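Each in structure tokens, the structures are laid out below.
Paired with subunit B in one complex and with subunit C in the other, subunit A is shared by the two complexes that follow.
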Partner chain A sequence: MMRINCSGCSLLCDDILVNTNGTIIEQVIGACKKGKQRMDQLNAKNRIISPMIRKNKELQKVSWEEALNKVKEIVKNSSKPLLYGFSTTSCEAQLKGLELAKRINGFIDSNSIICQGKVLNAAKDSGITLTTLAEIINKADLLILWGANIADSIPRLLNKALFSRGKFRLTGREIKTIIIIDPIKTASFEVMQMRDTALYIQSDKDIDLIRFLKEKISTSKEISENKIAGLDKEDLKRLIINLTNAEYGVIFVGQGLLRPNPEYNVLKELIELVRVINSKNEKGRISLTLLGGHYNMIGFEHVSLSFYGKNHSLQFSDNILIKTSDTIVSKVANDDFDCSIIVGTDPISNFPYFLSNKLASKPLILIDNKKSATMEVADVFLPSSLTGIECDGLAYRFDHVPIQLKKILNPPNGVLSDEEILNNIIKKINNK
Partner chain B sequence: MEIYPFLPKTNCKKCGYPTCMAFALALLQGKAKVDDCTPLIDEKKYKENHEKLKELMGGAEGKEKELHIDVDKDLCDGCGICVTACPVNARYCLPTLSGKAPDYPPEKHQLFQVTDGKCELLDLKSCRRIEAEGRERECTVCENYCPRKAIKINYV
Partner chain C sequence: MEMTVNIVRMIERDQIEEFSFGNDISLKEKLAIGFVNPKDFDKLGLVKSLHIKLSNNYGEVIISQVRDEKIPEGSILMPVSIWSNQITGVENGSIIYKNLRVEVEPTRDPILQFKDLIAKIVINNK
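Right, the complex of A and B next:
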């Protein structure tokens, strides 16, 4: 039995025990269904372990030398390459990806620009108060899920945040309060007990609730309206009392708050609301937490910010970083590229049709470990190994804490890690 | 429980148990009979309740029943809330206090363990419903706190 760090989601649990016989994993103790699915990917039916090139509209197995030569040919014939993905790879591979983009004058971006990266971008002017998992376990007594369904996306987070008995909360579940704000009933509502509140807010009316709370908390006036965004007066009173009397509160920001709007910015107003609550709360404070699906989405922001000075959407030209206001969405929508390299993600099934159509019409190179919709339109496929099981790497948790992932098994014959593949591409392009 | 609403709920102690709730539990476990509650037979207003109770219990009165805790493997998603919330686990396995998974091999008194992404019941002997005394025998923490409603307690 050996102890490993799971790489199923962005919680990166470090209390998992596995039993192996040298080639496969036989028994897993402590991991949820997402972790078990990640361990099963080793010998899954849709795993592909040899490089492939598309000839006569069919993908055929080839050697590494031939596949890398084809990659070099595609990149040399293009002047505006695009690199995308990098949220399921280690930090070392992300650094190699940035080096490759600089070498070929490309545009590089990661999954966080369409996900939790929006919250960090909204905090550029004013700053943001974040918290870590150890503080949530030991100190939190108020949890608010705003547009998030944790029971389905990160199953063990409810276990660790709500039911644990931390150092200052030894009584456990009975002393903690949870408030869920969501338009429909989801699986997370099943954990609510007597003192918790369920707020069924109207769709797309979060901005009304935020502005109402900011006004009432900063001026301490009586509530005169009957309904705000579909919520009753009694529920709103309870929410305000909970927010201003909590000793340590945490707001989990989910996908429900990330829809963009041209008239206002919901995330900037939410950060301002947290600042107002903290100035009125005498006993304690409230913090924000961001959630993520892939296990190293935050890592790309740290790596690119430390080494190149910008945390998203980097455009290189003549070996230097130039100023741009484009993102991956605007680049693809305006047809401003002529080939793409996709690493560890599946944009053909996740993007809307008018974007994935344009991606599929140009040459596409895919670095992944399984069969997916993107593989059906790719011109070159390079197989990679699983980080955290078959190769080493560094990853960042959802609360910005770095965790080291270790290797416990050897990958199948001929399969390399993401970092080695990107390094081989750079060496091939540098050779005359 | 379906038995408790039909009892007098006066806690008169004529059956020998301290509360009506304790008598209902003893009925479930087969340690008492419906006729032990004398107010049900003596007073006229409880006649309907008496017949309903006799019907509910059927022919299984007085036979010793065993505790069964069933985990539905199709509904379970491996979140581990039962491992953290169970008071027996919290007393004997130190890592569960901060939400972590307990060590392997499991402790002598550990009840729940998450194996291969599903919850597994290890050893029923240490459950509070069998060993403890007083109000602790009515412990329903694992059944109440499971978000997928995959754990069921029944007597067979």
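Right, the complex of A and C next:
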């Protein structure tokens, strides 16, 4: 048996045991459904291990040489290439993607821009109080899931955050309080006990609750309101007591808080609320943690920021980074691209139909390892190995801690890592 | 009837799993679906065999439906998929997955297959 880090989600669990015979994984111990599914993708019936090019409206198997020549042809005929994805690739591949974008004067963005990257953007002016998994395990006594269904998105996180005993918490679940703020009774509610609080907030009323909490906590005024955002006075009182008395409270920011509004920025106001609570709470503090699901979503932010000084949405011109206010969404919506290179993601499934249609209307190159809706419209498909199983790579856990993923098996013959594929594209383009 | 759609990730209805291990039939069965509160189920006059048609400014989609007491009245919960994204759009520069207002009606019209949804894109453009 060997112990590995799992790349099934952004928790990157470090306690997974696998047994391999050198060719396949025979046994997996300790993984959740997502982790097991990740290992099973090795031999999934819909895994694709041959490069393909669309000919006569059908994807047909071709050699790597032919596929890369087609990529070169598409890129050479492009003046506005778009690169997107990278949240399920290693940091090394992300860096190669950035290098490619620079080389071909492209625009590059990661999935983070439509997910948890929004929280980091909201924190640019003010800073943000983040925390790590180790801090949560060792210290936390209050966990607040705000629009976050952890049980479905990062399945083992509650095991570690809620049920584990830490260095400074010799008791586990017994002293930890969980509060869930969500309009829907999600699977995460199943872990609640008598002491915990379920707050069924009205849809899209989070801003009302945040502003109410900010006012009451900063002024220490009595609650006169009977209801805020659909929540009763007693629940509101209990929430304030928990927030202001926690020794180490953590707010898990979920997708439910990411909907934009032209009149306010709920994320900025949440960050401000945390600052207000921490200025009032003398014995403890509240931190935020972000919950991007893909195993290296937050990695792109770090790689891009470290090497290019900008965490996402980078536009290159004359091989240098130039200013832009565009994002992947505006670029596609405005038809401001003439081909795309998609890496490890499925925008045709995940984007609104009108964006998918626009993306599919231009030549599309896909680097991935399985069937997807994006594969169905791709002009070139380049099969990649599974990072953390068939190749090494660095990934950033959801709490911004870098974790080295190990190779445990060889990929199928001819299948390369995302990093190697991107490097080969750069070489091919450089080769005149 | 006007309702609100929320699109979420569901571990038991995961498109990556279906794309990796399933087929076009399981994709549709698992992902072309919406969960509704029993009161809305009654208000819409639904029976198990009926589908629901969701429409808004962004588009329309026909899906199957399941009664679920956990869903708040007036809401429909859908897994992320190519079906749910027929009715999503962009507001203030961001893709909207939550609190989408839709008009809901029962229908016996068929649910589009995965290949039909892809054909809508490919035939239009390639």
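Just so we're on the same page, the second predicted complex is superposed on the first by the 432 of 432 C-alpha atoms of A that agree within 3 Å, B and C clash if a C-alpha of one lies under 4 Å from a C-alpha of the other, contacts with A are read in each partner's own complex, and residues count from 1 in each chain.
We take it that a contact is a pair of C-beta atoms (placed from the backbone, for glycine too) under 8 Å apart; a residue touches a chain by one contact, two chains touch by 3 or more.
Owing to the predicted nature of the structure, the values given are computational and were not obtained by experimental measurement.
In the superposition on chain A, A:41 contacts subunit C only, with no contact to subunit B. Look at A:155: by the touch rule set out above, it reaches both subunit B and subunit C.
Using the contact criterion defined above for the overlaid structures, shared-chain residue A:329 touches subunit C, although it does not reach subunit B.
With both structures placed on the common chain, the touch criterion links A:360 to subunit C but leaves subunit B unconnected. In the superposition on chain A, A:190 makes contact with subunit B only, not with subunit C. Looking at the superposition, the partner that touches the larger set of subunit A residues, subunit B or subunit C, turns out to be C. In the overlay built on the shared chain, the residue A:321 is in contact with neither subunit B nor subunit C.
In the superposition on chain A, A:27 contacts subunit B only, with no contact to subunit C.
When the shared chain is aligned, subunit C comes close enough to touch A:261, but subunit B does not. Of the two partner chains placed by superposition, A:130 touches none, neither subunit B nor subunit C. Taken together, the two complexes place residues 33, 37, 151, 155, 187 of subunit A in contact with subunit B and also with subunit C. Chain contact summary for the complex, subunit A toward subunit C: residues 33-34, 37, 40-41, 44-47, 54, 57, 114, 118, 149, 151-153, 155, 183-187, 200, 203-204, 255-256, 258-262, 293, 327, 329-330, 333, 346, 348-357, 360-361, 370-373, 376-377. For subunit B in complex with subunit A, the touching residues are 77-81, 83-85, 90, 95-101, 103-104, 113-118, 145, 147-149. Looking at the complex, you find that subunit A touches subunit B at residues 1, 13, 15-17, 27-33, 35-37, 137-138, 151, 155-156, 158-161, 163-166, 170, 172-173, 187-188, 190-191.
Per the touch definition, subunit C reaches subunit A in the complex via residues 4, 6, 8-11, 14-17, 19-22, 58-59, 70-72, 75, 77, 80-82, 85-86, 88-99, 114, 117-118, 120-122, 124-126.
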